[in-house]
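You will see two complexes here that share subunit A, one where it goes with subunit B and one where it goes with subunit C.
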Partner chain A sequence: MARLSSGSRSWSHKAACVWLALVVLVAGLAGVLPLPYLPSVPDLAHIAQPPFATSQHWLGTDPQGRDVLSVLVFGARTAVLLTLPAAALSALLGALAGGAAGFWGNKARLPVPYWLLATGGAWWALRLPIPTLALVIAAGGLVVAALARLRQRPFPTWAVPINAIVMGTATTLDTIPRLILVVAVAAGAGVSSAGLLGLLTLTAWPHPARLVRAQMLRIRELPFVEAAHAAGLPAFQVWFRHALPHALQPLRTAMPLSVASLLGLESTLSFLGVGLPPEVASWGRLLSTVRQEPAAWWLFLFPAICLIFTILSLLNLSRQQPVAA
Partner chain B sequence: MQTPNQASIDANNLLGLSLLQTDATKHENVPSLAKALPSVYLVGDSLTRLDYHIRAAATWDDGRPVLARDVEFSLKLMFCPGLPNESIRNQYRFVQAVLTDPKSPQHFILVCQGQSPEYAHASGDFFVQSEAALDPQGTLRRYSLAELQRRPNTAPADSGLQAVARRYLAAGTAALAAWPGCGPYRLTQWKKDRYLRFQRKPNWWADQLQPVPFVLQAKPKQLDFVIIPDAATATLALRGGELDVYPLMPAREFNRLRHSTAAQAGLRFYTALSHNVVTAGFNTRRPILADALTRQALSRCFDATALLRATQLGDGQRTVGIISPSDRINYNDSLALIPFDLNGAASLLRQAGWRRTTGPAGGWYRPGPSATRQHLQLRVRYRANEDVFATVALQFRAAAAELGIPVLLLPTESGAFSQALQEGDFDVYVRILMGNPFVFNFTPILHTLGVGAGNSTGFSSSRADRLIEAIAAANGPARRARLLHRFQALMQQEAPLVPLFFVSTRVAAGRGLTGLHVNSLKPGYTVAAIERPPTSTPLP
Partner chain C sequence: MNWLVFWRLARTGLAVWALASGIFLLSHHDLSGAARMATPDAADLPMSGSANPSATQQQATTRAILQRLGAGLPLFYLSRPPAAHPGQWHWNGRRNQYHRWAIALLHGDLGTSFRTGQAVTTQLSNALTLTLPLTGTAAALAVLAAIFLARRLAAGPWWQRPVRTALAGLHALPLFLVALALLLLLANPEALDWFPAYGFDQALDTDADFWTRVATYALHLALPVTALVITALPELTLQLDTALRHELRAGYATTARAKGLAEGAVIRHHAFRNAVLPTLTQVAELLPALVAGAVVVEVVFALPGMGSLLAAAAAARDYPVLVGGVLLTGTARLLALLLADVLYFWADPRIRWHV
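Presenting the complex of A and B:
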């Protein structure tokens, strides 16, 4: 088997790493950098100024008088704080869902009391009509559990088609173009930064889920998994402690791609004016201000450079080079 | 002052007519559907009778003459339950009765409460609707205008009135193209958020008039209104010749084009001071904004001078109130402009009972009713994709942040914005109020009667109500000016609104066009008088 090595890297890979490190560093230090203006403070005396026209605004200002350099710096923070967690959360969600779907398929069985408790809890949480019915269902679960214990019998079980549920949901989400889905939700209900993070996560998990599921289908047939079953370990433990860590390998490659895709999506949303709140700095929104001031090339050039370099670097990072051991 | 969408008013002006209309060339109200300005008769010391005659030639699309009955129906329709006419009701509440003349069906008298000289102009500024088309059964004839005006909201539903309301609403949405009008154009095509196409009627009744009055001239055979949401695209379309006229042009874009040699070759640029004022409004129904001192303090967070310079390149006028400084008689120049003064704002906040706390949950707090604690934090709502409003909101947020007041900006899509204002779902709004120099009726926007309708701030004060009523009924320009001066002083003291600056009308148009008559009145130019001189076709 080929072994992945970090020993030899091309110059482009090193440049990508340097650029991404710089972005992360700038994002981390945004609050303490000696910037003359915060991105939310307009300088009304200098509206749409070109770069170096005044000593205070090195990269110029936008049509609202915001300092372009500040917006780029704080936009980096937004990009890092929004897209990295969204990519990590979607990878986690996708790994758990895809891993479970691949490991158990449609053959998992869940004790009836858990079914009833879960149904009652979901009913209550979703605030469906007749909330007392949720309580009745949950109480029914407890009664069934108590009766089974009294008679010293194992809980009756019902099948849980995990694979069908996960893949069905992922396919349903995939049938709607992600941009349209996110724009529809964001434009209809309006979103905060946290809401946008949730929205990006909920729409980005199908891809990692498919990758992990495919890997898990191979892993579950390997001898060490069979040995763990034969040793009498509980199925959950086999899945979580032994199989899942091996099934996560594809995410190493997919993670930078996911970040790049989410960065592009966030910028598109901000460009369309349906993404982050206006007080949050964003490269995409800065890019969009060129529509108000078509002659202001600096409003297009600088955020475009940031976006292009970051996305190219992430793509480069995902292309890991196999090196002979 | 009105707040509806100006573009929709412009479109309606092509389909329908009012009794009187503003002549941009004379800068005064002149007869339109009416034959002449109304004759005014004062009755006793509290009533005015306005004697109108409709032009004999005036007809609806189906050939029926426009009658006094139609005017009476239109006034009654304003007060018909089930129609969203709250704002216009407050504007025309002064008309108490319509007296028609059976012998002369195009003659009628409006009986008005009060003796304001303004009534002669204000009474004729509504679109006249066809009774035969909208109420063929004559349901509204069963009610007098006064009965409909006095009808309480809690009155049991009347099936006849409901049917009229339903019919009107259906005509407004489903059968727009078949809308019965007496105006010069017919709406032939439209696509939501895209465009509207108006075709000139081939045999419009006003063509028979000799000479055709300016307000009844309709020269273009076809008018297309194209909705282009962003300035850069609209400018490209204008420069590419796909657009002939670009009204309400943003200042920077206008300035850039005006100084471009290439653009000057194909375009003309017009500018005139308008009666439209960029205004911030406070939701006085919110407990934190219910007192005048807090509102006065927040008024000092707007840097109107810098905003005027930044957004309009200085092309506009700062103001003390909602009367334009160009109206020298009525503008109260003894009042000082509200300064941008954060120290003063903090001092006023302390006077209003607010105390600033530090720490993680820092901010301004004061005791509220029932042992609660009020926290001064604001949500600013404005129409999305409007550069001027976004800049005002951003500047206010930055100033408030310096004081430690958290402000959330809520750019909102146009339709949702109107709804949010109607429902009071905001703390501060930023928008443009459109003024009319001939009418000083502030009932729709600042009177208690307007709360829940056009009075978005929810401002309600018996003193202001009395003053608004007195202005509307003032029996002479001098008295009205005195009352308007007092009104501006009161509004500055109560501060439900912060009028920031009056803006200019900017129009860019193809060099070949004539007859735009760019002026300070809404909508800033006369679309129906535009002409394109015939171009000579080169010989083969």
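Presenting the complex of A and C:
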């Protein structure tokens, strides 16, 4: 990886932080900023105006007469509201799934009464035929639990192959490139903003899950985990309170990269016209309008600068993390 | 070894099948839902029918269209009819959409496109005649350029630092940005008008001789291939460069230097083969990634390939084409896995001995 000198490192780090803070600030204040035109209101009298040509449109307008500056501001809001939650949710999901897969492997054992209760509950929830059978199964689970409690014997257990389930799902999702998968599902199911957020989360979690799992495989062999086991803590507590916080370490570097790749994916989707509805302002959609108007350099330059600066700042942030830590 | 390869291929094939089934079920669930919303219940149809004939005609045509698409059948083996018996599952037997789709797929029939009525296999194979040369050239060029550049970088010239920084920055940029920048700079009447910007029609219409046609073909593919290479190059180069520098610190490299070999010869004859193994894994990722990249590049440059077919199908909700595209991408992944295994076999004699 590229190593700059220490002086320029701190300088570029500061610039990256300032730029990202600016983007988030603008995104947060998009609703109250004194913009003369909203991106949803086209100014049909001024179509494809160059920047500074008219006093109202500082950065010009696109072929539909929308103000470039306000599209940039609201596009920042779309980007922040979509990529940050998606990155956070996928990191959370990946940490839980990958952490569980790494800690227990395929050897987690769930007592049989819980199996019976879960089966009965699922039966009831799915409304499979003969609903009384679900009640019978669940009641059987309770009876077995009570009997085992009364006779002071440990529950009989069955294994849950957590590792196989998590890694199998992750491998399945990784088989097809994310862009193709998201395009196919987004077209098939027809998504809103919230649906797209869920879709991005669903396709982004395998990467953090792999990272956390790999770290967890190392952590679970360390003495402090053994000490926690020896102190008699339940396995869930050892996992959640002791092992998991240490296994989250790689996510600190991976989070900015994940946000950057999600930002790239979101703008690519908007550029292709898949996913977000057309009235939502987005940098990618603004970039796609330049193809109708090849002479309009301002339609390419300003959103491209926003996108490139944001992505490079995120890269810089992820590279600086180990130094700052 | 053979079992390992077989197991991995089987798992990937299973994953592709699961994904395609999931997308099929998702899309067709939506389809039958839309059909149910569009057509009212059969009970109140006769009363309203005589009063409003145009509406019934419209409904009849809608139903005929849906019938042609196969929406009359239940979707899956199991279904839950919402009206008749709430809360009861119903076993549909083999007369369902999923079963028919799967059987047709096993016979090599991907169905017909909703939009054009053409068979999906014909559409895909037509599109592949453009996309395969595009992505194949891009993949070959990217790998060759990465090998060339990484060898030079590992020797440690004075320009290594800025080039590494530039590659790391380039790696993060979305492909469509690179493609758009190329389009606006080099195929724009306002800037430099060196390359044709849009489409492919003029190139194929003319009855020019063979070489002229090849030249126009190459001219049309130059910018898309460049965009794909630019985005695929950094990851390959940086990975290979890191591996090479790691290998050059090993003992055998020092020995080779001590016996008087030049740095370039050490890299070429000693370190390269050891460093190339992780890159071979990346080649397995490269082919499916280039198919995804083709979606963007073909939309930007308006080339009638598989990518623009998929994008148009996504915009028009043409599910059979989309599912076909997913299956094709999965096949590319399978082929890439096989290719990577063959390359491993070539690069590392230890793997050959273990067989």
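Assume the second predicted complex is superposed on the first by the 266 of 325 C-alpha atoms of A that agree within 3 Å, B and C clash if a C-alpha of one lies under 4 Å from a C-alpha of the other, contacts with A are read in each partner's own complex, and residues count from 1 in each chain.
In the analysis below, contacts are C-beta pairs under 8 Å (C-beta built on N, C-alpha and C of every residue); 3 or more make two chains touch, one makes a residue touch a chain.
Here the structure is a predicted model, which is why all the values come from computation and not from measurement.
J.: Go through the superposed model and pick first if A:Gln237 touches only subunit B, second if only subunit C, both, or neither.
T.: Once the two structures are laid over each other on A, A:Gln237 reaches no partner at all.
J.: Have a look at where A:Pro294 lands relative to subunit B and subunit C in the superposition and call it first, second, both or neither.
T.: Both: A:Pro294 reaches subunit B and subunit C.
J.: Once chain A of both complexes is superposed, is A:Asn106 in touch with subunit B (first), subunit C (second), both, or neither?
T.: A:Asn106 sits against neither subunit B nor subunit C.
J.: Now for A:Leu312: first (subunit B), second (subunit C), both, or neither, which partner does it touch?
T.: After superposing on A, A:Leu312 lies in contact with subunit C but is clear of subunit B.
J.: Counting residues of subunit A touched by each partner, does subunit B or subunit C come out ahead?
T.: Counting contacted residues of subunit A, the larger count belongs to C.
J.: Scan A:Ser10 for contacts with subunit B and subunit C and give back first, second, both or neither.
T.: Once the two structures are laid over each other on A, A:Ser10 reaches no partner at all.
J.: Touching A:Leu181 in the superposition: subunit B (first), subunit C (second), both, neither?
T.: second
J.: What is the contact status of A:Gly273 with respect to subunit B (first) and subunit C (second): first, second, both, or neither?
T.: Both partners, subunit B and subunit C.
J.: Where on subunit A do the contacts with subunit B and the contacts with subunit C coincide?
T.: Looking at subunit A, the two contact sets intersect at 187, 190, 273, 290-291, 294-295.
J.: Which subunit B residues qualify as touching subunit A in the complex?
T.: Those residues of subunit B that touch subunit A are 230-233, 235, 250, 252, 256, 303, 306-307, 309-311, 384-385, 387, 390-391, 393-395, 397-398, 401, 408-411, 413.
J.: Contact residues on subunit A for subunit B in the complex?
T.: Residues 40-42, 44-45, 47-48, 63-66, 187, 190, 273, 277-279, 290-295 of subunit A touch subunit B in their complex.
J.: Across the complex, what residues on subunit C touch subunit A?
T.: Residues 11-12, 15-16, 18-19, 23, 26-27, 30, 80, 87-89, 161, 164-165, 168-169, 172-177, 180-181, 183-184, 188-190, 197, 238, 288-289, 291-292, 295-296, 299-300, 310-311, 313-315, 317, 319, 322-323, 325-326, 329-330, 333 of subunit C touch subunit A in their complex.
J.: Inside the complex, what are the residues of subunit A that reach subunit C?
T.: Residues of subunit A touching subunit C: 1-4, 126-129, 131, 171-173, 175-181, 183-190, 260-261, 264-265, 267-268, 271-274, 284, 287, 290-291, 294-295, 297, 300, 304, 307-308, 311-312, 314-315.
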